[in-house]
């Protein structure tokens, strides 16, 4: 009995010792010398591996930072300025504070209720639906509503609004990593500057069809009339290809364009609710020839705080 | 007018469904159940009923209260597990309650813990069976009396299976091959009649639910390997015909190893899978501690299945 | 009986319209002619608003390499040159023509006589195909003049005519063979001459005994035309599978049929070639099946291109049945679901298939049970189940290594899947992503 135990212990001990020696030599042979700075940089990164920086993950970003020696062209969106400052300190370089950004959805709901023109029965993927047809609402530019952005968001910041059929971004959770922008086959989502006090204005439509055609498809579509372009005091708004676009780096969030828009295609976020009282005259100045169209004023409360 | 539907092609479907497949497997198991009832009496019926009822119940409870997902008991897969588990235990009165424990292990650990049907790496019925075999070795190797048709009583007399006899060195007491084929031998519920197993297997083959690759390679390997051993030393080793007709080889090869979820997808992978099962069975039977090795052989090969799926690619059309 | 070696399925055939004789579809008040009715770049409009056009007049010119001419299918006035929403809702360049009478250009020979002699040289035949805007009518609408212009260093040995019609429901090829057998054989002879190959093989599945009999009898009068009955199996009409079935050769990954010495054309194309070369008639008409299990009547029509789906439905069955679930352009296995019935039909349209709600809806998806049916059904020897998980997890590089680009999108995997997983959809998405990845690398 004791002899058996003894033999087992000796045999296992010898085998263990042999493996230890082998492992030691193998480890020596295949040793990878790595800059310890990479570990330190990786340590201060958020570690979400979101890929928003364009690298394969946080470690790859750290490697790129260390290899480059500075932060030019490299930015960790989820980490923001705080992380950038820490990394810059480790690298011994300076970094400029970037403007905080947030994802915004540039499509307003149209395919609700009986406005749907077809019924999608295929795989739940926007990218695939985009290759098949224009969408349940018939718009070839707008949101398809299958939720590729929801699946792409690693931070749980995007949810689908079941009534509207379009995504909603939770700006507290959004880190502006850009995963949703890449996932959207129609570039409906865009990263825009958060703006002062988080107040921002953008065009909630990217339909490039001619005004009349666009309106046939969707009551909320931008018709490219150019009124917003004329009224903008800082030349931030431009109509290009039948659709207006507000340059978020120039926009001062005065909301003159929003009041001027005859179809309510321009939306805002985080402004105090009673905005329509400041400009009571604007809706009245609308073109009368816009039948069956809700005034933008009526729609504003519902779009407030919803990106 | 209704809204037009849109989806990618194809717009038609073969009408094949998981549910249909599972219920067809159940249908294929019925000949065995009838033989078992005819042969072992009410015990066999009770064991099968308890096993099936427990499997279905446990799956329902787990899906409803633990996983909180839509229940899928109607798809028939729990019934298949229940029947196969019942077919793998001896028809003694003890088993009527023991099989409930087996059902719990099979469904809870063997299947639902991995995420339900389609996700389990091991055949659930065999997980349950091996659990019972290891935990209750005495009950699991006590076999009811041999050689009486329609015994309508609950009394069981300890008999011996052909494999048990062999392990104890009583080769001369073996029944004839024909008797083994039609089912005049002792053993677990489902393994007594090779004929009933073949009827079920032929039905599944016709329905294209199983392919010939695994059963043929499994049984063929077992036959050839045991034949070689027998030719080398007929004193110690059993002849190949007896080998394949006794114990669980037929049942295992036709119904357990061919389980879609736990067997390889490509034809070449299935052949390797079957050969592996055959070799391991004979090795365990002849040199292992247990008289029967089919369950262990299949479970070991189940573990190899992901690798086989990786290695054995179908022949590409455009190489 | 010959067939291809690997995989394949056998869907319910449903050839319910096979006995309906080809009728002429009357002209509507306006037609819309799309400029990209073929694979490749759109044609350039050469008419303007207010121009008078005649039937067969060139209205869209092929300027790019991969392009085909478009001719006016009607006579009348050009209402506008604009965009038009195609059957899937996307805006495409198009010419709107208001129909006035039926006035053909003089060059077209409209006599009913069959013209058998063709004295053109191969180069002239190819030029004629280009001029007449002939494209492949099997579904891919590949411009014929490019296909029949065999590149330097390659040699065609086989001409294969695809009369398989392996898609369920479709019967347009069936009817063309029954009613225009001689014209088809002349067309095949012309194509044979263009390629300079000794023999042409017409592959027909043996669920069409009548066309086989008609074509076999007719082919006796022509030199070098062999009718090859094939065992019924989908997707026999896919180019690579048909080549495999008839010649036993296999087109390697990423190569074209011409690389193994084969050229494949549809039987409808052969008929169009006859009309173009012998009768000078451009491709302005095609044969279209209007069918569906729940429709009151089944039809085969000769339809001018540019007539909208709504016009076709109105003329053939009045209006869609109450619980119509899907309208498909093409067969049920590879056809596309149409959302915009105001869209015009194009050169490649082979059918309007109407399915009711119960037929059209997909059953809910369940867990994969790893049955391997998709692997066994795949005619290309691929592993659809694997692509499904790779694409879902965005492992695009691996999908490419496992030859996802070889997929011909025949739909056999989804068809046979007991778990109703949208495998074909997932593979298509994966292929798009692989292509995008490869384009980004360049």
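Labels A, B and C are assigned to the chains in the order they are written; within every chain, residues are numbered from 1.
Just so it is clear, a contact is a pair of C-beta atoms (placed from the backbone, for glycine too) under 8 Å apart; a residue touches a chain by one contact, two chains touch by 3 or more.
All figures in this text were calculated on a predicted structure; none of them were measured in a lab.
> Could you see whether A-C or A-B has the larger number of C-beta contact pairs?
By the number of C-beta pairs in contact, the winner is A-C.
> Report the chain whose mean Cα position is at the greatest distance from that of chain B.
Max centre-to-centre separation from chain B belongs to A.
> Taking every chain's C-alpha mean, which one sits closest to the mean of all protein C-alpha atoms?
Checking distances from each chain centre to the full centroid gives C.
> Please report how many Å separate the Cα centroid of chain B from that of chain C, as a whole number.
So the centre of chain B lies 49 Å away from the centre of chain C.
> Suppose each chain is reduced to the average of its Cα coordinates; what separation in Å results between chain A and chain C?
41
> From the mean C-alpha coordinate of chain A to that of chain B, what's the distance rounded to whole Å?
That pair's centroid distance is 52 Å.
> Residues touching two or more other chains, restricted to chain B: which are they?
4-8
> Which positions in chain C are in touch with at least two other chains?
336-337, 339, 360-362, 422, 425, 428
> By the touch rule stated above, which residues of chain A touch at least two different other chains?
Counting only residues that touch two or more other chains, chain A contributes 117-118, 121-123, 128, 132-133.
> Quick one: in the complex, what on chain B touches chain C?
1-2, 4-14, 16-18, 20-21, 72, 75, 115-119, 211, 260-267, 313-319
> What residues on chain C touch chain B, complex-wise?
6, 9, 11-12, 168, 240, 244, 250-255, 320, 322-328, 330, 332-339, 341, 355, 357, 359-363, 366-373, 375-376, 378-383, 385, 402-403, 406, 409, 411, 414-420, 422, 424-425, 428
> Would you mind writing out the residues of chain A in touch with chain C in their complex?
On the chain A side, the touching residues are 117-118, 121-123, 125, 127-128, 131-135, 138, 140, 209, 213.
> Per the contact definition, I'd like the list of chain B residues that touch chain A in the complex.
Interface residues on chain B, with respect to chain A: 3-8.
> Any idea which chain A residues touch chain B in the complex?
Residues 116-123, 128, 132-133.
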